[in-house]
Structure formats: structure tokens, C-alpha cells
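Here chain A shows up in two complexes: once beside chain B, once beside chain C.
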Partner chain A sequence: MKTKKINKNMVTNILYPVIFGAIILILCQTQIMHKILGTDVFTLPLPSRIIEIISENIPKIMVNVKATLIVSVGGLIIGSLLGYLLAIIATVFPKGGAGGLSVAAAFNAIPIVVIAPIFNNLTKGISSDASFRSMIAKTLVVTVFCMASMSINAYRGLNELPPFSVDLLKSYAAGNFTIFKKLRLPNSIPYIFIALRVTVPGCIISGVVCEYFAEYVIGVGRQIRENIVTAQYATAWAYITVACIMGIIMYIILLIAENVLLKGRKS
Partner chain B sequence: MTEKMIKQQDFEFVEKDFSEPASTKIKIKIENVGVKFQDKNGIEPVIALKDVNLAIKEGEFISLLGPSGCGKTTLLRCIADLLHPTSGKITIDGQSPRDIRLQKKFGIVFQSPVLYEWRTVRRNVCMPMELLGLPKKERTAMVTKTLELVGLMEFGHKYPHELSGGMQQRVGIARALAINPELLLMDEPFSALDEFTKEKLHVDLLRIWRKTNKTIIFVTHNIQEAVFLSDRVVVLSPRPGRVSSVVDIKLPRPRALSLKNTPEFNDYVIKIRNSFEGV
Partner chain C sequence: MRKRFKEFGALLTAVMMVCFTVSGCGSTATSSATGSTSGSETASSAKSSSATESTSSSGKYFDKDATVKEVLTKASEEGKIGNWGGGNEYELLALLSKYGLKTSFLSQGYDMDGFDDDSILLASVMTYNEKGLVKNSYPGGYGYGDKVKTIDFNQEGVGMLEDNIFCTKDFAKANPNTVKAFISASLKGWKDACADPEAAAETVYKYGSSVSSQHQSYMAKEVKKLVETDINGNAVSDDKLGYINDDAMQQTLDIFRKYVKLDDSSANDALQKMALDDFRDNSYWEGATSGDFGTPEKSDVTIQLKWLPQAQFMGYYVALDKGYYKDLGLNVTITPGGGDIGETTAVYTGQADFGTTWPATLISADASGMGLLEVAQIYQRSGLQMVYKINQ
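Let's turn to the complex of A and B:
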């Protein structure tokens, strides 16, 4: 029974996406995709060319990957922690808290392209080092994106409790802190993963997008922009591929963590 | 009251001896208890309970029986200190329900099993003992003992969703018994189960009651269930919720399912059913 479930999950989570990705690659390599889209190999380079560029520029790519990861993972961690904290505050103070979460939801709706320049201006005075200033501005954008999603989902996890579960703990004279520790916190874990399933790939995307507008020229996103501006489409596509790989690896790490931490729970 | 001040219960179950006369010591005294709820508009209060008087003896199995909305769960929640009466008084061994709750002397089984899906069966049963601050060795021994009592010893490492509804409810009973409480409060614990499982659990519950000699207050809307299990059935009627009659069930113990086929059993069922007519 368990083996069947694992096999089914492996098929839906791994096999189908791999088959789909392979089909796209074959269509591109054989240029069938180019005919379908009415484009050429200059605008949409062949996968073999993209791989060649990546393998020739690994040290340079790694510098940019590191810069993007610092921003994306940093923003993800800080945003998730702040989002969870906001959810706790909203749970402790339900009257004002619900309003606070509405504000968080509203923040979530603001496009990154709008927030990024605002944070660039906001962080202008914090340091004389442009790379540091830029990194803080980008991290703040990712933080806002991750915080909103986490706070809304974590709030649900902290408050949508099984019927009678609070009564049960109260009958054993449990106080609010014990109820939080024994019930609300573990109940919120699946909801944390619901948020992370959005924010983990999202933190890479938002990190990459806000690099377009950043003051300091570094990061995978910035390289995509610079190469498109200079019509180096093959190199731009190499960085796009790297951004995709980063997102996929982080998502796989998330799925593994989810399998470990949600072990035994009803799916 | 701090955790350290709580006197730890004796963790040995004392078996009930039916050849001995039942205890006459009053365990719970309910005097003129009334509960009013404000309605949604806050204009006219809803009277959930009015002037309820009842004395429950130590070691007694008592059922609160009545149709939906008669206040039986409200009364149970007042006894458990999960709800405060708007009038009247409840005392348990001369103490308030709050004191008894803070001393962790209640075991409650709800309509749903309320098992934490992230904990195995053993860890679910263990939870109240963690709150009591018991050492791990003692916790492990008590979990084993209660799981043996409810017949789930080999399911200790399963997660709740891997068990049937009846088994989940038995885990709920094991958890309620885990701290060897003085009072076992059961709020329609078998209402969501099929008839076959329910009947099996009735027999199991009576066996557990015999083995542990607890005072049990059992809320139900099923007349047969109340008659089969109880020493006394407290019949409540609605609008406002009040005690309309108390029926002593003088059927022999220990009881087996075959008792349900006897004329004496049916006489009690008919007597109680008739008491509802006109309500």
C-alpha cells in the first residue's frame, strides 16, 4: 500500500515533469519548436549551445548564482520568520491581527517591479558600499513577497484547529503557551509548507526580477538583462536555464524536507 | 496552582467489585445550575439550562440523556469547567470544577476522537502525562497499561489516520484514562460510529469501567445506549434545558449484549421513551 503511494507520488512529482521537460528540449534541439513559434536560433538558442555556454562560464556563473542565492534565500528566511511572527501576533490579538493580515495580503498583490525601485531609493543612505546597499534592497523585496504568503498561510495553520482540540488541552489545565506549543505550532506545519511551495520558487523569481532594477550589476537576473540588452541571447538563455535549475533544486530540497517533517500525517 | 503543587494521582487502577455495595459518597453536587447564552443579536438570552439539581455518587456510571438542544453537553462542559454556569453551583469532592481541572483530575472523551495527526497512537495517549510533567519511564508504563486496557497494544506506533473510527475513539478513551483521572466525562463518544462498532465499544467501556472504577458521566441521545451502560439515567428536556426525570437502572452487572434482548431492558427503554412524550 505504502509502496504504491510512493510510486504514485514519484510518477506525478518526478516522472511527468521530466518527460515534459525532455519533450520541450527535443523540440528545441530539433528546431521544431522554432518552427511552431516562428522564431530563429539566434533569439531562441539550441539547448546544446546553452549547455556549451554554461560549461565554458562556470566560475562567472557561480559568482552570480551566489549573489542571487544570498538575496533569495536570505529574503526567504527573513520573510518566512517575519510572516510567521505576524501570524502569531494576529492569533494573540485577533481583533487587530486580522486587519494586519489583510494589509499583508494587499502587499502580496503589489508587483515586484513596483516595489523594487522603491526599496532601491529607501536603502540609498544605509551604506557607502553599492553592492551592500543593493543586496539589502533586493533582500527586502524578497522578504516582503515571502512574508505576505507565509503570514496568511501560517495564520490559518495556527487557527484552523481540529474541533475540541483546544477544549481537550484546557481540560488538562493547559495555558495559552502550552496550547501554542502542543497544538497550534504542530498544526501549522503543513500550512508552512503550503506557503513554502509558493515562496521557494517565488523567492528565486522575485530575486531575479529585482536584480533587473538593482543599483549594483551582479546576480543571475542582472546577467539576463545585460545580455538581452546587448543582444547576447544565447548567454541570456544560459542564465535563464541556471535560474530554472536553482528554482528546481530548491523545490526538491523543499519536497524532501516536507516528506521528513510531515511524516505520518494524512496527505 | 503551579505544576509542582499538583498532587500526583496514584497511577494504579482499582478494580470495581460488583459483589460489594456501591459507594454512597457524593462525588459531584450540582445545585440550581443555570446557563444562559446571549443570542447572536444580543437581545434575548437563550436559556440552555435552568435549575438543574443532581448528586452523582463516587464510582457511578451516569448518563445524561435527551434530544438535541436539551443542554446535556452544556451541563457536561460546566462540570468540566469548560463553561461557567450563570447561576447555581457545582462542587466535586467539595471543590470547584476549576480546582479539579487545575489538579488534572478530569479525563474527557469528545464526540470526535481529537487525536493529533502528527503524533503516533502512543504519543497521543502520552500527551496528558507530558502536561502533568511525569517522568518518561512512568509515562511509557502508563501508555502500555492503558493501550492494553483498550485492546490497542499492537497499534501504538500507528498514526491516527491509519486506524478505523472505533479504534480512534478507543485511543481517545486510553488518553483520557492515562493520567488515572477521578472523573471520566464522555460527550456522545460513540455517536459517529456504526452500530456494530458501537455495541463492541459499549462492552469494552463497561469492562474498562469495571477495571478502573471511575465515576463516569456519559452524554448521549440514544436511549438503549444509556440504559445498557448506566446505573442511572438523567433525562433532560429542552427549552429550557432541565432535568425531567432520573431513572435508576437496576439491571444486573456485569452486563453482556444479550441483556438487550431481555424484557427488563426493554421495559426501561419504553419507560424512558414514554417520559419524552409531550416534550
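Let's turn to the complex of A and C:
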């Protein structure tokens, strides 16, 4: 019975996306996709050529991948921690908490293209080293994005408790801290993963986008821009593919972590 | 009652948080504004700030008599060389390679604030645009006057040709008369514009300008120099205006493939094998100047500019304004560029019939298979320079 369930999960979670991806790849390689979209192999290069470019430029690509990962993962971790902290504060002070989180939700709605140049200017005084202050500016943008999403979801996890559970614990004479530790914290774990499912792919996207505006010329996103402007579409697509792979790998890591940590829970 | 109190509390906190954010932004915004003095304020404040700086730190900028190599080495070591990228960086890469320095640069914004607040010590400028903003003190200028010096790429032997006219090879083959008529009318416009830059600047301003009228007039005078002087500093005769000089073009191609490596290996191979005949054709220019062409095959044509409407493109605006295009049976639309609009892509996809770009960008596009063809070379020398402040 159990093995059957796992198999079914595997089919829906892994097999279907892989088949879908393979179909897209085949359509591209056989140029059927080009006919459907009315484009040509110059604007949308063949997958074989893209892979060729990636394999030829691995050292250069890795430098850019590293720069993007530092920004994205750094922003993700700091943002998630800050977001959770904000949710805790909002829970401890319930009178203003919910309203305060609405403001955090508003932050979530600010487009990256708007805050990226602002943070660039704000961080100019931080350091005389452009690569460092540029990295800080980019990380801040990702942080803001991740923080907003995490705080809203974590707040729900900390407060949307099973009915009467708080009353029950109070009847056992449990203090607020005990309620937090025994009830709220475990209850919020699945909600953390709900937030992470949005922020993990999102942190790569926001990292890539804010590299467009960054002062220091580095990163996968910057390479995409430079190559498109100079009409090097095949190379640009190579970097787009790299960005996709980064996002997918991060998401797979998240799914594995979720499976391990939430074992025995209903997700 | 309790619920209402709760609501009020939530509202109050929300308002407070908004206030904090706004005030936070406010204070930081002012601090950044003082860091990068912007706009009309600059003219007056720049003088006082540079005066105090010269007493406190005499070696912060560059020595008045420093050689090009010394300037480049210092700026490179501090990692404070700026360029806009996106195809404008090739001459800089060539210059840095020539002196054996590492070829990295900072991303320069489209204003000169980074240069003004010293986050960039050696900044890229176009003689007709940013250099004017840095030196002059009209509105929008930074008023540095003689406190800055420049490095000229032409003199360093790594000058590359800039603004040209191009279309796709297929378009040129299918519509030779349209191409010749377009070149002919455009050259007439450029001749008029160079004869009277002030009037040309006013014409451009009328058609929608991205900059002030004083700056437009400065730009027109500087552009005139680029059109009428060749890459070696000799005057271009009137009947050679817009002609593609093979020596200068070969230099552009050689510098490009010597110092720039494309990541796409097949494009890089194509670049190494490329010859002048693969991407430029003077026969349309010759046909246009001799007047040897019939009625245009296609009369409604569009030209995609490389940048916003400004005197950099005054010839086209003058030709349009004086009806030179109409005289030859052309109905021309001028599409401004700007930001990340790729003029090569616009022409390749057929959104525009003609475009202006720099040959280096065209060569790189052709190397990866775009099939573009340069038909005239308006600017006969490089207008790119590097600007730096000198110690007072």
C-alpha cells in the first residue's frame, strides 16, 4: 500500500514535468517550435547549440553563478529569518501585529525593478569597494522580497491554530512561552515551507533581475542582458538556461528538505 | 468595545510603520543626495567641494601631467573605471588590453552622478554628450570646466568607428533604390546640419528632445567635428561625407577581434574569418552620391536610432524637417532608441528598415548570424573618451 503511494507521487511529481520538458526540448531541437512561434534559430537557438556554449564556458559561467548564488541565497536566508522574526513580533503584540504585516505585504508588491536602483544609491556610502557594496545592494533587494513573503505566511502558521488548542494549553496552566514552543512553533513549520516554495525560485529571479541594475558587472542576469543587447542570442540563452537550472536545483533541494522534515505530517 | 480597541491598535501600528518607512527613506534619500550632488545645484557646490578636497587630500585624483598609462593604471588598480556596457565597452577593453591592464569595469549609469561622487574615477564620456555635461555649467551640467582631463581613443590608436547607417542584407538586395535614396537624403540632411549646427539643434529640439536646448546646441557642434574629421585627425572632404573608409573600418574590425572574445565559439570563429566585404558595402553610397538610382521600391521606411532623440542624430531630423526624404519619394519615420533597445535586433526582426549603430556592434551581430549590412558611415572617428578629475 505504502509503496504504491510513493510510486503515484513519483509519477505526478517527477515523471510528468520531465516528460513535459522533454517534449519542449524535442520540439525546439526539431525546429517545430520555431514554426509554431514564427521565430528562427537565431532568436531561439537550438538546444544543442546552447548546451555547446555552456560546456565551452564553464569556468566563466561558474564565476557568474557563484556571484548570483551568494546574492540569492544570502538574501533568502537573511530575509526568511527576518520575516520569521517579524511574524513572532506580530504574534507577541497581537494588537498591532496584523496591521503591521499588511505593510509587509505591501512591500511584497513593490517591483524589483523599482527597489534595485534605489538600494544601489542607498548603499553607495557603505564601502569603497564596488563589488562589495554592489553585492550588499543586491542582497538587500532579495532580502526585502523574501522577508515579506515569509512574515505573512509564518504569521498565519503562528496564529491559525487548531480550535481550542490554546484554551486547552491554558487550562494546563501553560505560559505564553510554553504555548509558543509547544503549539505555535510546530504549527508554523508547514507554513514556512509554503513561503519557501514561493521565495526559493523567487530569490533567484529577483537576484537575476537586480543584477541588471547593479554597479558591478557580474552575475548570470547581467550576462543575459549584455548578450541580448549585443545580439549574442545563443550566449544569452545559455545564461537563461543556467538561471533556470539554478532555480530548479534550489527547488529540488527544498522539496527534499520538506520531505525529510515534514515526514509523517500531512502536507 | 475590545474589538474596536484592537482594530484601532492595528491601525495605529500600521500608520506608525508607514511613518517609519517614509521617514527612513526620507533621511537616506537626503544623505544620498548630498553624496551625489545632482542637477543644477552641482554647478555651485562642485567648486566649493573640490576646493576643500584639494587641501585635505592632494593625491585623491590624478596628477595634471600624468601620462595615459599612469591614469589608467591608477584607475584600474582602484577598480574605478566606468562604462555603460552593452556594446559601448569594446574601445575601453582595447585600451586597457593595450596597456596590459585587467579588462574589468564598473557599470556606469546614464548620468554622470557616479563620476561626480567619486565612485567612478575614470568615466566613459561621449565628446558630444556626457563630456559637455561634466564640463559645462548650464542646467543639468556638473560644471567641472578645466578641472577634468580626457583620454582620446583616436589618439591612442584604438579608436573605432561609431554611428553608421545599416539595414539587413536582404533588404538592401530587394530595395536598392530605397537604400540609395535614403542615404542620399540623409547625407543632404547631415551636410545642412554640419553647415549650421545651431539651426540643426533647434530642429532636433522641435522633434522631441531628451535634453535641454543649450546642451542640444553643444552636442550639435561636437557631432559636427566627428562627421567632418577622420580617425587620424584629417578633415573629411564634403564629397566623402558618409563614405566608409576602408582603413578606419579595418582598424575597427582588427581591434574588435584582437581584444574581444565572444563566448559563442561558432560566432567567434565567424568573427575571426570576417572580412570587410562581409558587413559593409560602399556601392549604395556611391549610387546615392552620384544620383544614379530610380524610384524607391519601398517608400514607407523607418529608421531605428541608437539612442534618445538628440543632436547625435541631427542629420536625419534635418532631412525630415526640410523634406529631403519626401523629395526622393520616401516617407520616413524616425524611431528613437534608449535603454536596452537593441537597434540591431529591431532591424533584424523588421520592426525598422534602417538603423544607426556602431560597427563593432554590427560586426558582433553579424558574427552570430544576423546578416546586417552597413551602407554608410556618418561618424568618421570615435567620439568616446575617458574623463578624469585632476588634483588642484
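Definition applied: the second predicted complex is superposed on the first by the 267 of 267 C-alpha atoms of A that agree within 3 Å, B and C clash if a C-alpha of one lies under 4 Å from a C-alpha of the other, contacts with A are read in each partner's own complex, and residues count from 1 in each chain.
Criterion: a residue touches a chain if its C-beta (ideal position, glycine included) is under 8 Å from a C-beta of that chain, and two chains touch if they have at least 3 such contacts.
Treat the numbers as computed from the prediction; the structure is a model and nothing was measured.
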item	value
Side-by-side fit of chain B and chain C on chain A, or clash	fit
Partner chain in contact with A:170 - chain B first, chain C second, else both or neither	first
Touched partner set for A:98, first chain B, second chain C, both or neither	second
Chain A residues touched - chain C or chain B, whichever exceeds	C
A:162 touches, of chain B and chain C: first, second, both or neither?	first
Touching partner for A:182 - first (chain B), second (chain C), both, neither	first
Lowest C-alpha to C-alpha distance for chain C against chain B (Å)	6
Residues of chain A at both interfaces, chain B in one complex, chain C in the other	none
Interfacial residue positions of chain A with respect to chain C in the complex	42-43, 49, 52-53, 56-57, 60, 93-100, 102-103, 121-122, 124-125, 129-131, 214-217, 222, 225-235, 238
Chain B residues within the chain A interface of the complex	77, 80-82, 101-104, 106, 108, 110-112, 114, 116-118, 120, 127-128, 130-132, 159, 161, 179
Residues of chain C touching chain A in the complex	5-6, 9-14, 16-18, 21, 28, 31-32, 35-36, 79-80, 85-87, 104-107, 114, 117, 119, 262-267, 340, 342, 344-345, 348-349, 361, 364-365, 368-370
Chain B-touching residues of chain A, taken from the complex the two chains share	162-165, 167-174, 178, 182-183, 186-187, 189, 264-266
